[in-house]
Every structure is written in C-alpha cells, then in structure tokens.
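Here the chain labels run A, B, C, D and E in written order, and each chain numbers its own residues starting at 1.
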Amino acid sequence: MLLGIIQGGPLSIFINVPSLVIVFGGTAGNTLVHYPFSDVFDAFNVAKKTLLYKEQSINDLIVQLMEFANKARKEGILALQGAMDEVEDEFLVKAMQMAVDGQEPDTLRSMLMTEVEYIQQRHEKGANIFLAIAAYAPAMGMIGTLIGLVQMLQTMDDPAAIGPAMAVALLTTFYGAVIANVFCTPMSGKLKTRSESEILVKTLIIEGMQSILSGENPRIMEQKLHAFIAPKLRESTFK
Amino acid sequence: MLLGIIQGGPLSIFINVPSLVIVFGGTAGNTLVHYPFSDVFDAFNVAKKTLLYKEQSINDLIVQLMEFANKARKEGILALQGAMDEVEDEFLVKAMQMAVDGQEPDTLRSMLMTEVEYIQQRHEKGANIFLAIAAYAPAMGMIGTLIGLVQMLQTMDDPAAIGPAMAVALLTTFYGAVIANVFCTPMSGKLKTRSESEILVKTLIIEGMQSILSGENPRIMEQKLHAFIAPKLRESTFK
Amino acid sequence: MLLGIIQGGPLSIFINVPSLVIVFGGTAGNTLVHYPFSDVFDAFNVAKKTLLYKEQSINDLIVQLMEFANKARKEGILALQGAMDEVEDEFLVKAMQMAVDGQEPDTLRSMLMTEVEYIQQRHEKGANIFLAIAAYAPAMGMIGTLIGLVQMLQTMDDPAAIGPAMAVALLTTFYGAVIANVFCTPMSGKLKTRSESEILVKTLIIEGMQSILSGENPRIMEQKLHAFIAPKLRESTFK
Amino acid sequence: MLLGIIQGGPLSIFINVPSLVIVFGGTAGNTLVHYPFSDVFDAFNVAKKTLLYKEQSINDLIVQLMEFANKARKEGILALQGAMDEVEDEFLVKAMQMAVDGQEPDTLRSMLMTEVEYIQQRHEKGANIFLAIAAYAPAMGMIGTLIGLVQMLQTMDDPAAIGPAMAVALLTTFYGAVIANVFCTPMSGKLKTRSESEILVKTLIIEGMQSILSGENPRIMEQKLHAFIAPKLRESTFK
Amino acid sequence: MLLGIIQGGPLSIFINVPSLVIVFGGTAGNTLVHYPFSDVFDAFNVAKKTLLYKEQSINDLIVQLMEFANKARKEGILALQGAMDEVEDEFLVKAMQMAVDGQEPDTLRSMLMTEVEYIQQRHEKGANIFLAIAAYAPAMGMIGTLIGLVQMLQTMDDPAAIGPAMAVALLTTFYGAVIANVFCTPMSGKLKTRSESEILVKTLIIEGMQSILSGENPRIMEQKLHAFIAPKLRESTFK
C-alpha cells in the first residue's frame, strides 16, 4: 500500500494536522463518551497482548499434560513443583501451583473457570470497543470532509486553489477509512479469533489438571482432551 | 475539532438559520411523531443525570456495606439510622430507611428490585430514543441538502454564486452528521454503559442490605459481594 | 421546514408531475405487489386511528375501574348497565356489556384477549407496511433520478439547461427521501409506540373487569392493576 | 413510470446492449454460482404460480367444507366422490380423493402436512433467491458503471462526448436498481405474503377433511375452522 | 461482461499495478490479521473442493444403498468388501470399511457424525472467511480511490490529465467491487448451498449403513431414507 502511495507523489501530501486533529480527536472523544477511559485503555492492552500472543500447539500442550499426568501418578502430585520451571504458559503455572498447594479438583476447576470467564468478557469488551471506533472514525472523517468542503466553497476565489483544498478536505475521509478498515475492524476480528483459541487452550489446561488431581487413568484423560480437537489432529501418545 | 474549523475561516460560515430550522425542526418533529413528548423529555433528563452521575468505587461501596454489617451486628439494626447522614447515594439511603423501618428482607429485596427494573427500562428507552434521533437527523440533513441543491440548480444565473450556495446546501448534511455522530450515538452508548454500572451498584446495595437484615456472617456476605466483581479487584477487609 | 424552502424561491420549483408519477406510482406499485390491497388500505386506516387516538390516563382508568368495582360490589353487576353511558372507550363498553350479559370471567377474558391479539397483529402489519414503503420510496426516487440524469446527459446541447434539468432529476430523490423519512418511518415508529400503550390500556380493562366479575377484594384488585405501572405513578384510591 | 420516461425523450436511449449484457449476464452468473440451476428455475416457476394464484375467499372455503361435512354425514363419505368435480383447488381434490380412498384421518393429516411443509420450503427458497438477485443486480450495475467511467475518463478527447458516455455508464446502475427494486424485492415480499395465505388455506383444508373423516359434529368443526380467522370475518352457517 | 469491456477499449486500461497492489495486498493483509493463515488457506481449499464437487443424485445413492442392503442380507456384511471398489464417494467407502471391520452400528454412527460436524464447521468457517474478504475488499478499494484522488487534486496542473488520473483512481474501487461481488459473495453463498447438500448425502450414507449393519428390513430402510427427500422425488425400488 505504501508502494502505491509513494509512486504517486511525496507522502507529505497525506499529512494535514487539522485533519488529523478532527478525525483522531473526534473519534477519541466519541469513544471516551461511549466507554469509560479505563475500558478503552484495557482494550488497547488486550489488543497488544493478543498481537504478541504466541499461538500454542494444542498437540504439544496435550503431550505436556500427559507427561505431568504420568509424573504425578508415579512420583505424586508434589513432583509437579519441579516441572513448573520449564512451563512458559502463566495460566498453566498457576493451575499447577494450585494443584501443588493441595486444592480440591472441584475448587481448582471453579476458581480457574471464573478467571477464564473474566478473560472472555475482557476480550469481548475489547472487540466491541474496536468495532465502536471503526464506526466513529468514518463518521468523523465525513464530518471533517464536510467542514473542508463548506470552507472551500464559501471562499472560492481562485479556481486553481480548488484542487488542493478538495484534496485536503478528502484527507479526513481517508483517515477515517484507514482507521476503521485497516486497523480497527481486522483487530476486532483478530481479538475474536484469538480469544477462541486462547479460551480453548485454557479449557484444556483446566480439564487436564482436574484429571491429574483426580488421579484419572491417563488413557481416559487423553480421550477427554482429544474430544476438543479435530479427528485428524489427534495424535495418541500411546502406541 | 474547533481548532480545525477555525483555521479554515470564520465560524460564522457554519451558521445558517434556515438550515438549522430544517434539520433541528425536522428531527424534532420526526422524533415527536415517533415517541410521546414525555418520553423524549425523560430521555434528556436521564442523559443529563447520566452525565453528572459520579462513578462510585465498587470497592468503597463493599467496604461501607461491611461497616454497616458490623455496626448492625454489634449495636442492632437501628444503629444504621445514625449512619444514614453520611451516605450520599440516595438508593442506599432508601434501602437503609426501609431496613430501619423494620421491613422483612424479602420485601425489601422485591420492592427495591422493582425499582431497579424501572430504572433499567427508563435507561433502555432513553438509549433507543437517542438512537432514533441519530437515524432521523442525517435523513433530514440529506433532505435539506436536496432542497438547497434544487433551489441552486433552478436559479443558476451567476457561476460565482454556485460555490456559496452549494456550501449552504451542504450545511444541513453537516448538521445532521454532527447531531447523529457527535451527540446522539455516543450518548446512546454512554447510557448503556452507565446503566450497566449503575445497575451493578444498586444490585450490590440490595444484596448487602438483605444480608445485613438477615444477620448473615460478615465473611459470607463479603464473599457474596465479591462474586460480582473481577478477581483482581477483590480486596478483603479481613486480614 | 417550509420556512427554509420558501426563503430560497417559489414552492412551484419543487413540483414536477412526471417525477411525482414515477415516485408515487412506483412506490404504490411495489407496495401493492408486495402486500394485498386490503392490507395496505387497513394500514392507512390503522394509522389514521392511531393519530386520532386520545392517549388515556392510566391512573384515570384505574380510578374508573375501582369505582365500577365498588358499584358492582354494592349494587350488583347489573348496576354497570347505567354507568356504561358515561364511558367513552369502546373496548371498555364492550367488556362491561359482556359482564352485564352474564358471561363467565374466564370466557370474558379469553374472548377479549383474542380481540387484543388481533389488534396487535393489525398494528404490527401496519408498522411493517409503512417500513416497506419507507424502503421502496427512496429506491424509486433513485431510479427516477437515474432516468433524469440519463435523459439530460444524452441530450446535452445547451449548458445553461443543465442546471434546471439536474434540479428536476434530483426531485425524485427528494420525494423518495421525504416519503420515507418524514412520513413512513416516524409513522411506523408511532404505530409501535401507540400499539404498546393501547394494548396496556386494553389489558388493564380485561384484568379489571375479570376482577370485578370474580368479586375480588377492591384493594387486591388495585394492587394487581398497579403492578402494570411505574411505582411513582401509583396513586392509591384508599387513604 | 413509462409516462415519465417517455416525456423526456425516446425510449431507445435507455437501451444499450453491452450494459444489458454486463448487468443481466453478471447477475445471472452470480446467482447460478450461488444456487444450483434447478433451484433458480424452480424459484421463477413458484413466482409465476404465485402471480397467477387466485386468492381464495376463506369464508367460501369454510362454507364449502361445511357442505361437504353435512353431505358426508347424511350420505356417507363416498358421496364426496360426486362433489369433487365442482372443486377447483387441486389440494382440496387430492384431500377428498384420499378421504374417498379410505385413508385414516391421521394418515391423511400427516401425508398432507408433509406436502404443505415442502410447499413452504419451496416458497422460502424462492423468496431467498429473489432477495439474492436483488442484492447481486445493483452490485453488477455499479461494476458496469465503474467500467464505463474508466473507459470514458481514459479516452476523454471530445468534451461533447462526455455527456452521452456518462449516460451510457449510468445505464447499468439504472438496470441494476430496476431489477432489484421494481422486480425482485417486491416479488420476494409477495412470495412471503402469498405463501402465508396459501399455507392458511391448505391448513384449513387439512383440518376440515380430518374433521369430516372423524365424523365430528359440524358445529364443533366450524368453531375449529373459525379459530383460524379474525373475529369480524367469522360468519356462521348456523342461524 | 468481458464483451462489454472489450467494446469500449483495450483491456489494458483496466490494469494498473499500484492499484492492484493496494487492493489485493490490503485485503490480504486485513484478512490475515483477522484470521490465522492456516484457516484462510483451508477456506480456499474448501472452496476449490466445493467447485469440483460433483453433485450426486440422491436417488442413485438410495438405490445403491438398497443394493448393498440386499447384498449384505443375502451374502453377509463381508460381501460389501467386494462392492467397495466400484464406489467413488470416499465417505461411503470409509463407512463401508468400518462396517466390514466389524464396528458396532452405534460406534459407526457416532464416529461418522463427528466427522460430518467437523466438515460442517470447516464449511461455515470458509463461508465466513469469504464474507470477511467481501467486506474488506471494497473498503480497500475506497481507500485506494481516496489516495488516487488526493494525489490527483494536489498536483492538478494539466486539465487534460484529470481524466486518466481519475480513471486510475476509480480502478481500485472497481477491483474491490469485483473481488467482493463477482468472487467472494457468490462463493460464500455457494459454500453454504453445497455444504447443505453434501451434509445431506453424508447423513443419508450414515443412516443407510447403520440400517444395513443393524440388519433392518430393506423396505423400512427405504422409507427412512425417503423421509429425507421431497415426496415427488421418491422412487421406490420395490414395484
């Protein structure tokens, strides 16, 4: 896209401070009337985390949980304490800590599920806030263009000045369209897609740790976990 | 936004009385055909209250309710009479008055819940009325611009007059867009967001007062109230 | 709005017979393909009645029903015969007539409820027909403008004639926007709002007459009826 | 509408073969990618039948069914054989044939209901296909106009040629709007409205024939059938 | 459509590399932010398969299943091993293999149903991804046109250059409209239509194989299978 822009002339013609003020300021203002500041701030935080979130292989996770299950069976639940250092996923570490601390399986499940629900709510709120910005930005862009057009038409002395004035007036529409369609709508979509896979990972962890704590047969535990994923992706650790 | 406008010329070019009459008059007319006058009046009242509504710290409220619970346990329910003077929230004062007056816990709950439902309904109606205005205003703006264009095109004698005439014609579209996107849509969103947090505060008050009246153990009462808020925000008063 | 139009030139420039034929004829044609003639005719009848419908005070109605309840308790159900002359609401007269005729409470309720359902269906159909017209009219307006533009562009001999020809072409868009946004959409909204309050009045009448016929205690009857309205509006007739 | 067109010039300026090819061909192509050919063909067949469908008086149908009920009661079910010649409605003939053939009431009901469901599904599919065409046609119209504009702007030698070229470019938008708004959307609406009344007629026939076969009391049968229609339309055959 | 384009000038005027980069690159970028790469890749795979999917005659399938049923009755279930070579449908082969391998009817059903559900989910995801592309492409087209307009208006020296520059600016809108309306929307619709008929075929196979494995009477099995298709299409194999 930058390529296409550069070919047609200097990038500087796409930068106009009053236009930026109208679109960014107006959109920010509308969004902050609609949502409290803390929620908008959270939405950007969630978005940042989601972009940095490293998609975890579901199969690797199942293999890892099966290892912990076998370890816990042989050496007791406290053996998980040592394994915790190698684990990167914070949620899994927390679940293991709770298991090592001697929580009941049901308590562990209900406490972690509550946390998953709050994560899900935060993601949904974030996706909605980005959708709201994607609706406000083009509206502010249109308002900015109307302002520019009215000013231009009122003071139309020099026909040669019409072109550049019109170009500036169109810039706010351009900013609004870019904010909405290049940033906010795809980001809202990504938040939804990532939220689904993050929730799936966390649900698997909860199911797995509950199984381990209950001392279930590892084969049955593997079947349970496999039920969450597509048939073709299932790779048994038992041969 | 004002900055951007001012830079381009005097603000006076954005004011045109017939245009204002068409957009504001037309939108008001449509809205008052759609909704009875009393409902529209209520919507603006609710909006005013919502803008002035001081967001209450949920944690402070829980701490306050825990204090009342301890006081009621030690000195009896009538001791709340004295504490009522320091309380700002009208709904909490009402709930305490009912408790001091000797209402049964269930009666207190059902009477206050009915009131919360009516508050919720009023907020929803208000949000819908602002959405309706946000739909009528741009439509009236477009009609105004069409009127202006037809008049201009019919009497096109002097090419130099086209610009300003066109500018005036576009003003109604501008007014419609501003009413819809800068005022009504964000206001409708704010009404929904605020309604949720106001309802949450009132529900906590009802739960708390019912607990106090029933003489429940303060620790259990705190757990109940904490269930309404995010895990990270919970601060126990018991150390 | 008329003010704004008049200021800009004679009203006659907004009247163009072929444009009117295209928009009104086309919209009428589309609507009559979509809905049978009798339904469209009914919708306009319902709209007329709704506009003339005098909003009834719910409190006055409850007071009146309480009077009838007391009268029926003291002088017997037949005493309502005399009171019927003062009643304006046709539905209430019908309900009283049925009570005086000796109908069972349950029969009275089910027969009147059936009628309320048909009224509700008629209102909904009416609101939908106005929404359909509000969708067809701007579409026909756009088609008319396209016809005008094509004709103008094909026969562009005299540049001076472009303005008025363009003005005429825009008239159909103007007509379509006015039909949709100034008449049909608010009318559809009004039908919904009025329908709700009319149904509420009729439901109160049914509840009240059933209570009277069953010989219920007036205090209990008043509580039942009050449950339909906001707490602040309730005014007991018992002091 | 034709009137309005004719006044402005010869109809021939609205006919342009390449434009017709783009809009009709493109819309047909899209529709046939979306739906199999047989379904689209069926939709047009259903539409044709719906347009020719003679709205049947519900009251006449009830009167007729009551006659058959009385005849069957007096002369036996086989007497319906003779009455079948006067009946126009194919579905009623089929129902009577099944009754004369000695089908059980429940079998008759379930077999005819299955057929009604398939009719309903076919109508719905038809209405959806017309809606899809109504969505594809304006899109193809816009694409055609873009093609025309690009061609015109690229080869802009003679200013006098701009008008007619622009007129031709707008023709595809015009075709798309006419296909969508004058044909497909009202037709889709009509299919839904007619489907409802056709289903109502068929349901009445099924209910009536089942009643006749079960030898129900005609008065009860009339009450059952009247339950399907508005109170005001009910005319008892018993005086 | 090509015809219409060719008539107006050389096809080359519709090709502009920077415009293609903006629309295709931008749309691809947005889609890949929204959905993970593997899902988008899958969607195109599903679309390819769907286009190549040979619509299977439901009647032929039922006849074939009836043959297998008769064969299995006479010669035992293992006789299906030989018949598998003539079968083209992979899903049917898999079902037969499971039957020959001695799976229980219920296991066969539940295992195949799980697979059908995953197929359905993949189709739905595919249809949604094409809908998302159909939403992003016109947005990127509009952004590209805005870029082109701003560049053109800023550097408006030669009036003769306006036409071609405007034509190039419109190309991105044209590309966006073609991607959305000629490719993605009909493809999304086709995925839904085909998905339905593919699922129907697979459900029939599951029902049939379960019937065969359970040793049900072929006449009853035929009635069961016929219940899935329209009455007029049913052709019994029993005369």
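Following the convention adopted for this analysis, a residue touches a chain if its C-beta (ideal position, glycine included) is under 8 Å from a C-beta of that chain, and two chains touch if they have at least 3 such contacts.
Quantities reported herein were computed from a predicted structural model and do not represent experimental measurements.
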| Given chain B and chain C, the chains that contact each of them | none
| said: Over half shared numbers or under half: where do the identical copies chain D and chain E land at their interface, same or different? | reply: different
| query | How big is the gap, in whole Å, between where the Cα atoms of chain C centre and where those of chain D centre? | reply | 29
| field | Whole-Å gap between the CA centroids of chain A and chain D | value | 47
| field | Touching two or more other chains - residue numbers and ranges from chain B | value | none
| message | Which stretch or stretches of chain B touch chain C in the complex? | response | 18-19, 21-22, 25-26, 29-31, 33-36, 39, 114-115, 118, 132, 135-136, 139-140, 142-144, 146-156
| note | chain B contacts chain A in the complex at 1, 3-5, 7-9, 13-14, 55, 160, 163-164, 166-167, 170-171, 173-174, 177-178, 180-182, 185-187, 189-190, 193, 230-231
